[in-house]
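Here chain A shows up in two complexes: once beside chain B, once beside chain C.
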Partner chain A sequence: MKRISVLLLLGIFMGTLLSLTGQAIGASSIVVAVDTPPRTMNPHGSDADANLSVMANFFEGLLQRKAPEGNLFPALAVRYEHPDLLTWKLYLRKGVRFHNGNPFTAEDVKFSFERLSNPDVSEFINTGKSIASIDIVDDYTVVIKTKDPIPWFANNLHQIYMMDKESTEARDPGEAEVKPIGTGAYKLVEWVKGSYVKMKANEDYWEGPPLIKNVELRPITESSTRFAALASAQVELVSGVPVELYEKVLENPKLDVITRPARRSIFLALGNKPGSPWKDIRVRKAMYMAINEDEIIEKIMRGHAAPAAQVPDPPTIGYNPEIKRLAYNPELARKLLKEAGYERGFEITLSGPNDRYVQDEKIAEAVAKYLAKVGIKAKLDVKPKSIFFPQVARGELEFYLIGWFDGTFDMGRTYFKLAHSRDAVRGFGGLNGTNFSDPTIDTLLEPTGSIVDREKRKKVLQDLNKMAMMDKIVWIPLHYQQDIYAVQKGKGIKFQPRPDRWIVFKEISK
Partner chain B sequence: MDLRPRLTLAMIIYIARRLTQGVVVLLAVSLICFIIFRYAGDPVVTLAGRYATLQEREMVRKAFGLDRPFYIQYTRFIANAAQGNFGKSFVSRVPAFGLIIERFPATVELATSAIFISFVLGVGLGVLVSLKPYALRNRFIMAGSLFNISMPTFLTGILLIMVFAVYLKVLPPFGRGETVTIGFWRTGFLTWSGITHLILPAFTLGMYQLAVLLRLTRAGMREVLTEEYIKTAWAKGLPPMKVIFKHALRNALIPVVTMTGLQFGELIAFSIITETIFQWPGMGNLLLTSIYESDQPVIVTYIMLAALIILSLNIIVDILYAYLNPKIRYD
Partner chain C sequence: MTKRFFKSEILHNFFHDPSALVGSFLLVVSILAAIFAPLIAPQNPYDLEKVSLEHFLKPPIWMEGGEGPFLLGTDDQGRGILSTILYGCRTSMTVGFGVVLIAGTFGVTMGLLAGYYGGLLDSLTMRLADTFFSFSTTLMAILMLGLFKERGVLVVIIAICIADWVRYARTMRGSVLEVKEEVYIMAAKATGSGDFRLLLRHLLPNAIPPIFVVIAVDLAVVIMLEATLSFLGVGVPLTEPSLGMMISIGKDYVYAGMWWLVVFPGAALVLLVVGINLFADWLREELNPKIQR
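And then the complex of A and B:
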């Protein structure tokens, strides 16, 4: 007995000692845990939102998007003109300096855009290759000409970050991958891969110094550990709260939950190979109606999703509010299958990633079960994203689950990429993973590339979208995800999530 | 008969043979993982960016030499690897070897602490249990060790986090804490925060080994304790501590030490799960991220390195064993 009490005492002593070491996080500092570690500090080295999000603190584009709606605002360019279909004339902001003291000028813009097409350092090959020429008019005026008309060119400028020509060329390329020199609101203090990224405020920032002076960004990939870090007050804000832990966070009196409808929609891409049952529009409708999306949202997403009737989200140009979901109706689905001559059903392979979207594998399983109820035998083929996406890129699949949102807020690019027939020469259909091909859609889509007028563009894309979703059932839409964040209560953290899920620290105050 | 260890010709041949075998195994490992990870995903899709056209993807494929036939890619990799150049990571575009070595200290410190904990506790408890195998307390310990062996690391880690970090709030749930850099080595041993961060992951990682070492020590001790010379020692009236530790444990320890050495390599190479749960910035964590992103150069380099470590430790243990125990023959 005596020994046990000694042990107990020792334990308590150790406990108090250890708890004393947990330092409080200062008022002008913030510690944030994110679900994905940054891959590189090279602003063009990754086009994944998780990386762009971190880069947005060190670097800036010519334009920027701001919370909460993600609207475009001037950044390193004060304004731009679009005199003809191919030309973009940009007027740069004067008096901006990079973290190393170099002034930001037209030379840097030219350098940064040219760097995009170098596969050794860039994942923005497509943007880089679409540019025909970059002309410097004077130190603060640049004219960019594109090879083809790109109506969404300006919409993309917030994620094309400007680098300092002089230091990037002078430094070893490896160093540019780890030590960022930008014009952004924060400077890098230290990046220990897999551990943290520490940043401090750029006091000379052109918008004025940010309110939070010190930032520690901690990647914690395991979601339960991320929750533990928040619950034990080691971090103050976390992104990517899994739906299974939502209730737990709500129950905790010290935590607050912040949710935001995500831009990303989850949908099923269905091929239309000649001779396959699913080329028949009745079969496509039947498959659509066989899926009980409300139940998926309630049971699998635990309420953290909103039903989708189309792929783009409301702020995207081309979103059409007139498109409605086909209601869940298994009887009608069976009737349609019978009409089409598939009373006894058929077999189809349903592919999808199992490590990419919220509950992706479970959703695919549910879809297979719903289809089985109307007699369609869907063989499940879910796999890691590193295997799944290359198959999409090669167009090898017949039916798959995927998620999408377009960073440019313009559906045109998405349709060219996902729905246009695969065309290696013209560069269309690069992620049309089922080899879907419909000449009506192709012919309607192609001229939209040169429509720049916003209202006209909106109208044309809305019509196209409606036809694709209601008459052709190019895709079977499921739902829009929800982004879930959690913060420590009572710390006065003011945080507004962004539609692109980026965490931009100059937008946070405490 | 002279039983003192000596470096004989037979032994030199034995060592040479073991080394040659090692090189062959390394080559085989590299070939296998090269084949597997070539078909497990296509890095070009990520490398070229989401919006790249088919032509742009082909351009990138060419730029990285991924369009070349398999055997050319492989021989080029081996030729470069022989010179210490393992290629650049597709994801972070810096040398893969550097990326791994940067994470090496974290993993070594974790594995060392884990092996230390499991050795001290495992042997200690093993001796304790062996003395009175049927005492109730010792039966509990034995049952507990069975529990340890059967419990998945993942669960152990999460439970420890829940109890010590979330409910008791005495230990941090993730990361390495403050570190001090000495030369290239970033160590967490020298700060209080570093040590508190080490406790939970080290326990989680060492848990399985602890149980194995405990059972091994107990078995060894029980056998040795029945030997005549131990009975003699007791009969001579030697103090119990001397009999147990000097005479019995010493002899029971040989297989335990061998096991510890072999396990150490595996702990370094396969601490993946523990590192992931605790967001420990070590090599295992890097490997998992790299697999998710099909970062071939990092994966292949990592596996080669892991194979090298395990092989070297095996060879060293074998040689030492042979050296220490002259009864071992080298055929």
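And then the complex of A and C:
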């Protein structure tokens, strides 16, 4: 009797075990791990790409960018016209419905753009404030006028998501933060903050229902835990394979590794406060030359980065191939410091995030070490991104590590945000966290807004970029990151990484 | 006096208790390592001018690829593991003894006063202590650290003290309440001793023995707490050595097969804490009048 019950128990136990393992991810489902959790389900509530990436599945912009190159395609607008420098006329797609059944019309476009300038619900204040008027011509035609010429206006439309006017106004504002109602290919099933986001296919999607029906997105911030989830096949696709574990993933016969040069460059922003040692161009050059970037790439990034000589990446308008890195030369750096009268060095605080970019904290630590070797005492001040980025936005720092890629592929926007003197009224220098200010750059930059001709624009921006990087050392560029993904082999997962690192599930098939 | 001490029962018991011997040996070694770290460490891992990425992620010297002077290998910034452990012990000890000293003094004083005077002071102190006790010390310390803008060893010590003094106050108060009723205290009172004399000469020395045990146990708790806070990234800053920080850095490399980044600092922390606990156990038995050997 006793034996039978033991056997029975064993049977039940094995059965449960089998059914648990048998519950492996189904053919039309996928489980994906990412490194950063979404903060909100309000599509305008965060301009962080980790958030925009998740939102891209629930919401859509008037245009969209597609893998693998990130080129622009029509989405909720079928086409647009740009009759003069300030005017954008958009023709909307007909017959699109929101997840709640409401039709998508010009009213929703007007509502969504106006919502951008409400600081309570939006982090796209700059975009919102740059708009002068939004006129509804008919249900499916909208004319947007900007205050100043914005050549990259259309390039930004893929990340300005359209919300349903009726339900957003009717619902409690708090509910819009947790329950997204968009036109996208997926509907939200459940979001447990910090744990997972579950989505199901929107069968009425205007491009046709997506191939993968159920999605579970798991943010796993701890890099070794993310690897463990992959190695134990709990997840099928990982974005953000930790560089120190790259070889392990490569060795694993069950996994495929996909790498892609990232658009994001990592660089050091250095202020030029009058009276500070680093106002002197010789000191700026010395700091640049003191840093052994090749060693950072080889040792800290473990080869998964490419040296950068400027902030924009090659596909961005304004990228200038003629700009070269100042070579690593600590002797010359010491000589320059001596010439500038800082033979005994000086103190500077190097800030940076410790949970944002690949190896961010370690790069900062290495930079401090290189600077120490030429006599500059850099005090390290690395902190969580939730504390660091607001300080950048307030312009409180003197020297910091940060990353950047321009979603609009236009360097003009980059410079207006990061290098132009801070000007709250005109909305310039919003992310110029060191209060860097150079009248030459400002005067050269301002007129570029009205140059629309692509070739002419390219030339002017390239010249500006070269001058800023080589004569002024606005920034000390470090490297372009590489994005590393891993997928489970043999499951037929077809996945193409995007330049913006978003994971758009309608682009994945299995 | 010295002669009496050497012949005393305590010392005899000490030398006949293997766990006490092992414990105090570990403790003494760690203290010496902490004090003499700059002399014995092969490298100063926190002198930015000396550390170089050239020597990053070297395995221990007996493995292929290991090189001197990095006996136990290096971490991802080129710091020698052995040197970093020695310097990390320093931080652990500074925080440990610092907290015991500051929180101990404050807690004992509060407990003494609360126990002796009673009334409102007693109620206030003990309700405050109850409030503190209802949070875990780790959580309390994290909350305190959140209030400081600067980071550093001193800030960690202060934060832990704020969370930790109640242990001492509680124990001291209990002990005072017991001693207060003794006949000799009554006698001292009857002969007209003032409050001050009574507290310092009679109550403090007679009520303090249990505190020694608290100190010994608390030392280990505080050292663990510092390691925990640094592991979580809220303790000492990146530029200062800490065993907890080393484990935190090393954990990312465990799956990559670089075990030495975690195993050695982990072992050092375990030995340190085990040493203190063995010593504390012995002390508790020795000072507890109820346990007769």
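As a convention for this text, the second predicted complex is superposed on the first by the 488 of 510 C-alpha atoms of A that agree within 3 Å, B and C clash if a C-alpha of one lies under 4 Å from a C-alpha of the other, contacts with A are read in each partner's own complex, and residues count from 1 in each chain.
Keep this in mind: a residue touches a chain if its C-beta (ideal position, glycine included) is under 8 Å from a C-beta of that chain, and two chains touch if they have at least 3 such contacts.
All figures in this text were calculated on a predicted structure; none of them were measured in a lab.
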Exercise for the section: Please indicate which partner A:Q234 is in contact with in the superposed arrangement: first for chain B, second for chain C, both, or neither. Expected result: first
Problem - Partner chain in contact with A:D442 - chain B first, chain C second, else both or neither - result: neither
Practice task
Based on the superposed arrangement, let me know which partner A:E177 touches: chain B (first), chain C (second), both, or neither?
Solution key: first
Practice task
Return first, second, both or neither, reflecting whether A:D120 touches chain B, chain C, both chains, or no partner chain.
Solution key: first
Exercise for the section: Please tell me which partner, chain B or chain C, touches more residues of chain A. Expected result: B
Exercise for the section: With the two complexes superposed on chain A, say which partner A:G430 touches: chain B (first), chain C (second), both, or neither. Expected result: first
Problem - Which of chain B and chain C A:D47 touches, first, second, both or neither - result: first
Practice task
Applying the touch criterion given at the start, work out whether A:P219 contacts chain B, chain C, both or neither, answering first, second, both or neither.
Solution key: first
Practice task
Check the residue A:K362 against both partner chains and state whether it touches chain B (first), chain C (second), both, or neither.
Solution key: second
Completion exercise
Both chain B and chain C touch chain A at residues 224, 228, 231, 384
Fill in the blank from the handout: The chain B residues in contact with chain A across the complex are 40-42, 44-57, 59-60, 63-64, 91-95, 99, 102-103, 158, 161-162, 165-166, 168-176, 179, 186, 192-193, 196, 276-282, 285-286, 288-289, 291-294
Fill in the blank from the handout: So, in the complex, the side of chain A touching chain B is made of residues 14-15, 18-19, 21-22, 37, 39-40, 42, 45-47, 119-127, 129, 174, 177-178, 192-196, 218-222, 224-225, 228-229, 231-234, 355, 384-387, 389-390, 393-394, 413, 417, 422, 424-428, 430-431
Handout entry: chain C residues touching chain A - in the complex, by the definition given at the top
Key = 48-49, 51-54, 56-57, 76-77, 233, 237-239, 251-257
Exercise for the section: Flag every residue of chain A that touches chain C in the complex, lowest number first. Expected result: 223-224, 227-228, 231, 242, 244-245, 247-248, 292, 295-296, 299-300, 354, 361-362, 365-366, 368-369, 372-373, 379-380, 382, 384
